[in-house]
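Handing you a structure now.
Letters are used for the chains, namely A, B, C and D, taken in the order the chains are written, and counting of residues starts over at 1 for each.
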Amino acid sequence: MVRVMLGGTLKSAAGGRSEFDLEAGDIRELLTRLGELCPELKHRLEKGVAVSIDGRIYRNAWFEPVPPDSEVFILPRMSGG
Amino acid sequence: MRFEAPETLDAAVTLLRGETGLARPLAGGTDLLVQLRAGFVEPDLVVDLKRIPEMRHITAENGGFRIGAAVSGAELGEHPELKRSWPGVVEATELIGSTQIQGRASLGGNLCNASPAADSVPAMMAAEATVTVAGPDGRRDVPVEEIIAGPGKTSLARDEIVVAVNLPPRPAHSGDAYLRFIPRTEMDIAVVGVGVSLTLDDAGLCTHARVALGAVAATPILVPDAAAALIGTAVGEDALTRMAAAASAACRPIDDKRGTKVYRIKVAGVMARRAAELALDRARSRS
Amino acid sequence: MSRHVSTTVNGDAVDFLCEPEETLLDVLRDRLALTGSKEGCGSGDCGACSVMLDGRLVCSCLVLGPEAEGRDIETIEGMADGKGLHPLQRHFLEQAALQCGICTPGFLVAAKALLDRDPEPSETEVRYWLAGNLCRCTGYDKIVRAVLSAAAEMREA
Amino acid sequence: MQLDAKAPIGDARFQQVGTRPVRPDGVDKVTGRAKFGADQKLPGMLIGRVLRSPHAHARIRSIDASKAEALDGVKAVVTCADFPDIVSGEVMAVESDESLRDIVYNVMARGKVLYEGHAVAAVAATSATVARNALSLIDVDYEPLPHVTDVDAAMRPDAPILHEDMFTSGVEPTPDKPSNIARRLEITLGDVEQGFAEADFVVERDFKTEAAHQGYLEPQACLASFAEDGQAELWCCTQGHYSVRNACARLLGIDISKLRVTASEIGGGFGGKTTVFIEPVALALSRKAGRPVRLVMSRDEVFRATGPTSSTSMWVKAGVTKDGRITAGEAVLKYQGGAFAGSPVEWGAMSAFACYDLAHVKVVGYDVVANRPKAAAYRAPGSPMSAYAVESVVDELAAAIAMDPLELRLKNAAREGTQAAYGPKFGPNGLVATLEAARAHDHYQAPLGPGQGRGVASGFWFNFGGETCVSMNVAGDGTVTLSIGTPDIGGTRAAQCQIAAEELGIEYGQVRAIVADTSSLGYNDTTGGSRVAFAVGMATIQAARAIIEDLCGRAAKIWDISPDAVVWEAGAARPASPNAGDFDPLTLADFAKAAANTGGPIAGHSEINAEGAGISFGTHIADVEVDVETGRVSVTRYTVIQDAGKAIHPGYVEGQYQGGAVQGIGWALNEEYIYGEDGRLQNPGFLDYRIPVASDVPMIDTVIVEVPNPGHPYGVRGVGETPIVPPLAAVANAVKDATGVRMTTLPMSPPRVLQALDEAKDVPAEGGAEGSEG
C-alpha cells in the first residue's frame, strides 16, 4: 500500500480529497489507480503531472518503482523560462 | 524617395525649393531615420546637408562661436575652447543619446526636430544663442527660442535651412549648465530639462541670468521669472528657492508615459536649482 | 531608383547599388553579406548595429546607404586583422563576456572605438561609453571587466 | 567507472568540470560569423510582413486582401483561413499542455482581435518595400469592442469579456456566466487561521506589478522553405526547435518528419522564445508562394505581439512571534496572462512561500485574461512577483520584531526535510548555505552612505530535467563531436564539451559540440527551466560512458582478456590490474585508427527523460541610493549568492547570476508595459521600455554555493531561473531601508517613488512597523 497525497493545486481539483491509499509498484500503476479512485482528476492526470517520491520529482517516468513506504505527492508539471 | 547630397548651401536651398512633394533636410539623421522607418514621414526628397563645409565647422568669431548646424555632438565635445566657454551647451548636446548617436546628432537637427524635450535647446536658449537661417532670400539671424513653434513644428519656411548656431561672447564670471532628469542614467528622453546661464559681477552679485526649461510645455520655454529671482542677488538660498518655485510655476506639462504633470512640475524646480548651483560654481571659478 | 555608391569597407573598395531609403545596416547585411552587424531595434536604441563611419562610432541603422558614398566603414568583420583576434575579442572570450552573443559585435566595435581614443578608461567611463549598447544576458559585469583588462593588456603591449 | 555522486565538491577528481575554457562557438560570435535568425538567405527568397491589429479588442467583420494580392511583387497573402480551425481541448503534444487552439488563434486572429498587435494577415513579396505597401492595401473591417488591460479591472463582473466560452474552472459549481478568470487555484498546508492566532505580529499588504518583457536583443526571425513535394525546411531562432517543429507541422497539416527545423544561433530568449509566433506564418506563406520566405519581427512587433510576463495584483499576509517564528503565510495572487489562459500563477503560488519552513500556508491564485499579448515564460515564470510580495512582507515582519532580516530568514528557512506548501519534502538544498554566506559576506557588513539603504531577499525555483537526446561520435583521429538538440543560449556547448572531455579523459579542445537539427536527433525538450546543464549533461555523461564501455570491450578483444579486466582511466583503456596482463594503454586515437577492424565506427548516444532535478535557492543583497527630491533609485552595490550544486563552467554560472539579477533590477525599477486609455501599448521600443544600460548598474558580485544535487552524477542543479526571483524584493527592501517607505507597486519608477515619499510625509511616523499586534 502506498499513501499518495495531492500537492499544490491538485488538491482542490479532486473535490477536496487529498489522500489516497493504493497498491502500485510503479508510477504508471499509481496514476492508473489514482484515476480510477478519483475520476475528477483523470483529465489532469492525462494532461500530465509530476510525481514526487520521497522528495525526488519525476515528470514522465511510468516505470519508476514506487517503494511501499515512500511518501508520494502528485504535483502540477513544471517547466520554465 | 530621392536622395541628394549637395556641396553648397545654395544648391541645398535650390533643391528644397524645387521639390513639389515633401522634402526633408538630413543632418545627423538620428531622428529622421527613426521617423522614416516608423512611416511617420514619407518624404519624396531627402537632402543631406553634411557635405556642405560651413555646416560642419566650429569657428571662434567675435569672442563667441559659430557652430555649423550639422556638427555632431562628439565634435562639439572635442572642442576645448567651446567647452570652456559654454560647458552647459556642450554637455546638453552630449546628453543626446548614446556614444553612437553622438557621432551623428547635431545642434541643428536637435533644434529643427522641434521636440519639446530636445536637450540642447534649453541650453541654447539660456545661452541666448541665435541661429543663422539661409533661404532663397539670403540669410537671417533668429533667436533660438523663435524656431520651435510646437511639437514637431518649426517657424522655418519649407526652403529654409538652419546653417549655424551662434553663441555670444562670454563675460568674466559667467557660467552655464544644463541638467535633465531621466529615469535611467543614459538613453532616455528628458522628463524635465533645465538650462541656466548667469553672470556675476566682481562682488559676486548676479547681473544677468537666463533660465529655460524643456519637456514641461509644448515647446522649450524661457522662464524670465526664474531668471529675475537670481538677478541682483548673490544667488543664495533664498534666491535659489524663489528661482526653483518660479521654474515650477512656469511648467505647463502633460501626463505621458515619461512622467506625470505633478511630477514634472515638482522636478522642474529641483533640477532648476541644481543647474543654477552648477552654473554658479562655474561662474565663480571663471575669471 | 537605385543609386550606385562607392565606399571602403574594412579597407577594401566596395561598390554597391541601393535604394535611397535603405539604411547602411540593410546594405551591409543584405547587399554585402556582412551580417555581423545586427538589427536589435532599428532606432538607435540598442547599438547592435554599431560600425565606424569615417572613424566615428555610429549606429548603422541610422545612416542611409547613399550617405556612405566616399566614406570609410569598419565593421566587426574587419576587427580581427588576419593574424589573430583583437585583444578585445580575446578578452571577451576568455572572460565569458558573452552569453547569447547577439550584442557582442556591437559591443566590440564600440569598445574598440573607446580604446582607440582613450587607452586607460575608468570603469565609469567604460559604462557610460557603452550605455548605447544593450545586453540582456550578462548584466554587463563581465563585459566591462573584459574591456578594462583588454585595455590593460594593450597598454603593456 | 562510476563517479560517486555524493563525493564532496571541490574534489580533485575533476579535470575539466569547474574550469573556464573558451566556448567552441566563441570565435564565430566575436568575429560576426555566427548566424542568427535573421542572418540566413536562400535563392529566390521573399520578404514576409505581418499586418497587425490597431485595436485592443475588435470583431473582424471582413478581410479583403484582393488589392494586396494584385500588387506587383506580392506572391502570397495569408489569413486565418490558411490555418486550421482547431477545436477546443486539443493540446499541442504529449510534452506540452499548451492549447493548440490558443496557439493558432494567437498566431493569426480568427473572428476577433484580442490585443493591439494581434496578427490579422501576412504577405510575402519580392522586397520589404513591396511587402510594406501590400499591407496598407489589405482592408480589414473592424468593429471595435470595449477592452480591458488591467488585471483587477478584468476580474470585475462587468468587464468586457474576451472569450464567450471561458467559464472559471476550479470553482464549485462551475459558473454559468463567462468571465475573464480562466481558473482559480488553491494551495493549502495546515490551517492559516490557527497560524495567525499564534502570531504576535501580523502584517498584510497589497501589491501590484506591471508586465515586464524578456527583452532579448534578437527579434524573432525565421526563414521557411516549403517544397512542392510537401517537405519543408525552417530556420529560426528558438529555445526549442523540436516544439517549433511539432506546432508548425500540426498547424500546416503535414507529417512532423517532413519538416526539418534548424535552430539558428539564438540572441537571447529567457523563456520568450519557447513558443511559435511567426514561424507557422512564414511556412504558410512559403507554401502558398512556392518560394522561400524570410520573416523577421521589428522591435515594435516584439513588444506588441510576443509574450511578456504577467502583470499582477497580490495580497500577502504573514504572522510572526516575538522570538522570530513565522507562524503562517497567506496570499491571493491575480496574474493577468494576456489574451489567453495560461498565466504562470500556479508557479507563483507554489513558489511563494517555498523559502520558509511553515506549518500553515494558504495561497489562492487566479489566472486572468485581458486585452494584452499572450504571456510567455520569463525566467522562473510567476515566481519573481509572488517572491516580491512575500519577501517584502517578511522584511516587515523582521522590522516588527526588530530582528535582522537575514536572521529571521535563517530561523525560518526551508531545509532538507522541510515540507513545501505545495506538497513534497525538500531534498538536500542550499538555502541555509546562501543565507549564511550572505551574513558572512563583507557586503552585508559594509557601512552605508547617506541616502542609502540595504535589502535582502531570497528566491526559489523548482528546476526540471526533461526529454533529451545526444549523439557522440569519435572521428578518425580520436577527436570527438557531440551533437545536442537544445539551442545554446549561453555556453551550453562549452559545458557539454567539458563534460564529454571529463568522462572520456581527453582534452577540452578535442571535443566539438554542435546543435543538431530536428532530423538528426530524437526529440529534445526546449532550452528552458534551467534544465540544459543538468539534463543534457546527464545525457552526455551516458553517451560518453556508452563509448567507454564499447571501447573497453574492444580492448578486451585486442588483448584477449576478459572485458571485466579492462578499465578506462585518463583517456585510455588499461588493464585493470597487473594480473590482467601487461599491455600498453589504448587511447581514443588508437581505437579510432583501428575502428574498422574492431567493430566499426565508434559512437555513443543517449536518449533519456532526465529525472532528479534539484531545487534551487538564492539570496541577494542590494544597496540602493535614493534621490529623495526626484524619486530616482540607483543600485550602488549588489551581491548574488546561489546554490549551483556543482558549477560546470563557473564563468557561465556567474553570468546567469549576474544577468538574472540585472533583469530583476530592471523589473524592480523601470521596466513596464504602459497602456493608454485606448488599450494600445505606449512604449513598444527600447527608448521607453527601459531595460538597464551599462551605466545603470554596478559590478554584480557573485558567490557560487555548491550543495550537490543527489539526482545528478556531478551534483549539478539548474541555475538560470532563480537569479531573477530575489531582486524585486531585495531592491524594494533596500528602498524601504533607505527611505522608510514601503513600495508596494512595481516598477519603482521615479514618479511612483516620489509620490510615495510625499505621501509618507503627510502621515505621522508609523509605529510598530505597521503591523497589527496579534
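In this text, contacts are C-beta pairs under 8 Å (C-beta built on N, C-alpha and C of every residue); 3 or more make two chains touch, one makes a residue touch a chain.
Being a predicted model, the structure only gives us computed values, none of them experimental.
Interface comparison, A-D versus B-D: the higher number of contacting C-beta pairs is recorded for A-D. Separating the CA-averaged centres of chain A and chain D is a span of 26 Å.
Separation between the centroids of chain B and chain D, computed from CA atoms only, is 44 Å.
Annotation: 54 Å between the Cα-based centres of chain A and chain C. Between the Cα centres of chain C and chain D there is a gap of 29 Å. Listed for chain B are residues 38, 185-187, each touching two or more other chains.
Of all residues in chain C, those that touch two or more other chains are 19, 21, 42-43, 45, 128, 130-133.
Annotation for chain D: residues 214, 270, 686-687, 692-693, 695-696 touch two or more other chains.
Applying the touch criterion to all chain pairs gives A-D, B-C, B-D, C-D.
Contact residues of chain A toward chain D in the complex are 5-9, 11-13, 47-48, 50, 52, 54-61, 64, 71, 73-81. Chain B contributes residues 38-39, 181, 183-189, 191, 256-260, 262-263, 266-267, 270-271 to its touches with chain D in the complex.
Across the complex, chain D meets chain B through its residues 132, 300, 629-632, 634, 669-670, 674, 682-683, 686-688, 690, 692-693, 695-696, 749-751, 754-755.
Interface residues of chain D, counted against chain A in their complex, comprise 91, 94, 96-97, 170, 185-188, 214, 270-272, 274, 346-347, 349-350, 365, 377-381, 420, 422-427, 461-467, 526, 528-531, 609, 611-613, 711, 718, 720-721.
Within the complex, the chain D residues that touch chain C are 20, 22-23, 25-27, 29-36, 38-39, 41, 129, 214-219, 265-270, 296, 298-299, 489-491, 649, 651-652, 654-655, 658-663, 685-687, 691-697, 699-700.
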